[in-house]
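Below: one structure in structure tokens.
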């Protein structure tokens, strides 16, 4: 039915099946949209946030998707600026995932603020000293970059490509993509960093506060570093999932290996830096404001030392070791486990830097603040996931996302018939 | 077709480009943000000319001066009146939220007549004329049947012109049943009556005392005139000492120099134990005791019976060991306390539990007052003064017709002033019993003015039952309170910010002062001053009743009554008898002996010796079934009197007192074993069982459960109703054997899992 | 925020920060404009027709 | 000459609360709420969504009966100055909706500029900032008591104590009418100070050695206003927020409750 | 592809005829397929949206309201002694009275004095009934704005017309235009929809306050330190220096004007 739109030389499932899945995921999306509208029209009382939890699940989701979307900027940097050419076979998907992550982040921000209609004040009345201003600026600019990177992909749709203007446009955009990618990398570096700075500049919150260099607290660099490490891992993970679902090999293993290796070394170095940071914070920064390191991990039902072990050892050291060793990467199981752990590690780190910051009591006469999100919060957080799945489904079906798909498919068929 | 599509796309792009270059999107973006700043559903307060009006607060017996800020015709803020003798600029949170009472949804906006069943909440609006004629018809009917004495009136005060108008009306109408709501004032008045032989209030010169010994009085929890007591407490810092004797770490205890936890109900024993030490160590004021007191040594009464003197009594029976046993306070503490009290230059002992809204046992008041006498701190700087009511209401004597005279000869329904309790003036705590049992006579009609007995009187169930038995209940409440909700007719009074009224004598003040409430704003609703309504009712009767009310209206009455003080009051807001001095010891006492009486001879003539009879008032209930004791506590953020807390006040209540609609009761972790903080529980007493939550608090004596007063309203608005539990539902009155007043201080209870 | 706004301060933070923002936006804007115009020219030259 | 120099010097308004006198009665809270048009809801027992610019905390010394002690700490906005001249909340606000006024030392909050990101709330360790989770609704007729000097806030913005800044402005207006520019100490007092029945709150200019607040705490203005009175302390002094709200207490445990100390750490005395 | 285009072209011959004159030469059109239409529709869209944005939109955005009474300032200014302040005066507490209340008007207009039908209406409908006139205030700022008249007029010696224009010279009340969306007076944004102004009183937005404050008291020190003294750039502001009487210009003083 829609065969004219499907890229040449590849096979896709029947249109009916496709629509059925769109409807199923769409239902989840709709649930999220209802929750979103409730939040917009009735206000943030629809959430379980409160004056102690001004930042909660959404900000965590925001930080997490941005970190995971970091695959786009880092792969782009490697592909266009540094010139790792093999990565051209995965860059499209990385861009798509990045686009989904960043558009989701912007959407979540638009729901999260109390006065969405005044959201533009952040640009027009900007306070340049605020980390959040930097985040908003770079986030929206980088989203523009991702859009620019995504547009040529759309233009490569079989029917659209037939239009000479669009064909030329796509061609030209590819031509100067290196400029866009470089700008994107620059923007991304800063906003990933400012996200790291967001909690770390809160000198009234000893759990979050970090010292640093000039205006940048250490977590500024840690966040950028971890996004560069975990973002590609997320790209690998999503590619693997897509391959499993489509039951096809979409990207050659050598591409995956290269990305995994780079990500592995990034993760390893990040983990070392994170350990040093934690050590310094636990022994110097926090005690200076009267806190014992263990004060942050005891007397509460959730945040125990386990969370630190999970983040640094289980989701840092272990996946690093797997990814930097050739044997580790070679084993499909270990590889996927490692990228999964790395992704989880980024999420846990963002969780800790947002929610545990809120939970720790600072005044001596207060106790731990606990919070559980309302269904509206959960629904609006799942909303981007559903939206991402739908966008991936449509893009995979109609756009030549995976340049190697056709040849891999032919090879596979050949191997079967030979 | 393709052209169409492309052209359309082109049109759209052109349109977008043009729109971007027009003011439309930018102006709309700007305006939409301005719209969020000016949402039509967010009120914009009107600006205008600022003015200030002074008045006096009558929400509690404190009588503070207020300055109300107005914008045009709106009252927008209440502040304390600077230089007002009671509060000098300070003001409590209830007074501060007065505007919420003025403009609040709980106001009764017009006279209402009950349509459905009692308390069902169905009302019919009626005109003032109809309402008044209905009252008059009913009263005239009763009077004609010779039942005038079955009409009663419950009022929050018996002072000032409004109370006098009510009393005067009942007198000419022919009923002795004017009843004042109970408070520690009753016990103190009786103490003054028996020990000083005078009809007076107790005034405390706390400003000049340097050692205040409080037997459970919530000096900074709303006792007396609250703001004044706060000021005193602050002034005392560094200059004097405050010792708080109380089973629970109240705010007063926490702010005191020493908190002495005591088994509840044994305060009188402690007072006598202190007396023991003072006498034994000869620390008492010889001049006063030897020359101006009676009953210190053994004595013989008119009938020749010999009595133990105060000295012998306490030396024999209240040695520190005995008292330590009774009170749970160590003997060394008792001795040390007695010494520091007696050695202070101006020691002062006070009592009246919490905010003093319950009278308490007379023996306790007399024992504590005896301590003041021992140190000679009576009618002296820094001591207790007997303060007579300001004497400015001098209306001609009423002329009674036969009906009235006959009605007035009937016994009071509450038994006050009768055979059993000859020295008591009002015993509202006995009223429910009297009505329910019908022993004396059935009550046929009841007026309630400035009081909310259905809520404030212990054993709410019995009170409600009594009200149900009275066929005609008229409430003059400005608010839809519990009593109004259970009335047949509501004749809403102006609230204090809308009316003229004299407010005599703030509680516990040592100087006679009359405060002056005046209207700050015009009446907001179709309400009438209760004084006006009484005058109108009286006038409708005609004859002697009308003759007793020669004034056109209340304002005229007040102006006439105040005479040359009117102008000064209007200007200053208060009238103070600055020359007033308590009478010296020589002339102070009008007892049979002419001296301060440790033992009242008048009383002894009728009763057995009080102190020999001293027994702690036992709480109701069986210890086996109810292992704990429930005590109430008062604190400033909850009004426990007839005024329901406005939203602002409720907002300040901590979440360890009220959580959602659940009340939290304080329990020591030792007694609350098995409960975690915030757990639900069933609290039961012999009077009933309620659902509560547990607040584990180390500041309360093990074995006790403490519950705040002032919650559990069922009427009023949604900001107050159904929050928590009314303590009075869980306790019943315990009659003091000497005075008949309610001496209950707690009740046996148990706490079980919910 | 533009330097025309009274909230603008001529200090290093504003110049660097806002400068960076406008710089990035300019690059993106110019880049896209270039691509579109060049595509239009290319198309008019008949390039890209299949 | 000296007088002239003082004229026009920036003020630093501060508050001193004597915890020995404070009775926890709640007058300050209500005075504040009624002065500043603070709304209320049907249920205000969830203190985490209940707007009270000035909140009274109840502290206990944690000891068992009968050694237990309690103390109340009224907590308005601390009007932090910060170590580096920036308050924790001001520097983080992305839209300049809150700022530090150098003329008065007060941290402002502009409701109509705020777009509700709540970053400032995350930054404030005192929980002095409140978010309007709900539309403010007054029961019919009660909006009559609203003061025109303070705008009612709309849903979705953050609000906090302003040291009754509007009173400063009204006092200034009055002074202008009399041809003066300077204010006397008693001309500008916050609503809570004025209402406190215990006289526990003192308010004035910490830069002016004639003012009572200065005499009470003797701030060391060279070191962020650290109090020199040994009974005076500030909340979370060690974080370097430099609050302008000081507390006085004669009880050691209360003073110690003002800050965090590592176990067995002896309180460092600064002299 | 080209066949499709031609079909479409045939279908819309009429449209082509109509606009042929403004189109590029025919041969070019034939060469380049549909470009002519594309440009044409672009221009149509562009022009139409400009007309809507600049012309129709402002008309729709504002509703027009008439003052309850047509007020003649000239007559009143002549009749009083102290100019504007005779009726728009300062109260003792320094607050500004704004539009006069009935009480002030009644001083003269207890009864009808002249023959103006507006005065008759005023006396009959308002004075007699004791009802305040619901004047529409042109310069009414949103509720969040705090403005101290006395600081500007008494201390700053600024003339009324600097902000309010020569309203004292008006003989009639002009139409009051209300923004349908935000509910406040058009005078704040200004008559000019682009927000441009010629006179100081043409607009009353925050930027206009800021402009005046900057002009009057900014201390242009920073500018000298900067390498680019660009004349069109607004003058920068400095932190307050100690003892001078200065106009409020700090960025750190939002709540001086906002409540």
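Here the chain labels run A, B, C, D and E in written order, and each chain numbers its own residues starting at 1.
Keep in mind that, in the parts below, a residue touches a chain if its C-beta (ideal position, glycine included) is under 8 Å from a C-beta of that chain, and two chains touch if they have at least 3 such contacts.
These figures come from a predicted structure and were not determined experimentally.
Novice: Go through A-C and B-D and name the pair with more C-beta contacts between its chains.
Specialist: Counting C-beta pairs in contact, B-D comes out ahead.
Novice: Could you find the chain whose CA centre sits the greatest distance from that of chain B?
Specialist: C
Novice: By CA centroids, point me to the most central chain in this structure.
Specialist: Central by C-alpha mean position: chain D.
Novice: Rounded to a whole Å, what is the gap between the Cα centroids of chain A and chain B?
Specialist: 64
Novice: Quick one: chain B and chain C, Cα centre-to-centre, how many Å?
Specialist: The answer is 74 Å.
Novice: Using the average of all C-alpha atoms in each chain as its centre, how far is it in Å between chain C and chain E?
Specialist: 32
Novice: Report the inter-chain centroid distance for chain C and chain D in whole angstrom, where each centroid is the mean of the CA atoms.
Specialist: Centres of chain C and chain D (C-alpha means) sit 46 Å apart.
Novice: Out of chain D, which residues touch more than one other chain, so two or more?
Specialist: 46, 96-97, 111-113, 135, 151, 154-156 - these are the residues of chain D that touch more than one other chain.
Novice: List, in ascending order, every residue of chain B touching at least 2 other chains.
Specialist: Residue numbers touching two or more other chains: 32, 35-37, 44-45, 47.
Novice: At least two other chains touched by the same residue of chain E: list those residues.
Specialist: In chain E, the residues touching two or more other chains are 1, 91, 93, 95, 142-144, 251.
Novice: Sort out which chains touch which and give me every pair.
Specialist: Going through each pair of chains, those in contact are A-B, A-C, A-D, B-D, B-E, C-E, D-E.
Novice: Please name which positions on chain B make contact with chain E in the complex.
Specialist: Per the touch definition, chain B meets chain E at residues 1-4, 6-8, 10-19, 21-24, 27-28, 31-32, 34-35, 37-38, 40, 44-45, 47, 49-50.
Novice: Show me the residue ranges of chain D that touch chain E in the complex, using the header's touch definition.
Specialist: 4-5, 7-10, 96-103, 106, 108-113, 149-151, 162, 165-166, 169-170, 172-177, 179, 181
Novice: Please give the residue numbers of chain D that touch chain A in the complex, ascending.
Specialist: By the definition above, chain D touches chain A via 46, 48-49, 57, 59, 73, 82-83, 86, 88, 91-97, 113-119, 121-127, 129-135, 154-158, 235-236, 238-241, 257-263, 265.
Novice: Looking at the complex, which residues from chain A come into contact with chain C?
Specialist: 123-126, 128-129, 133-134, 137, 141, 144-145, 148, 162, 164-169, 171-173, 175-176, 179-180, 183, 186-187, 190
Novice: Contact residues on chain D for chain B in the complex?
Specialist: Touch list, chain D to chain B: 18, 20-21, 23-27, 29-31, 33-35, 37, 40, 42-47, 50, 52, 56, 58, 60, 63-66, 68-72, 111-112, 135-136, 138-148, 151-156, 191, 194-200.
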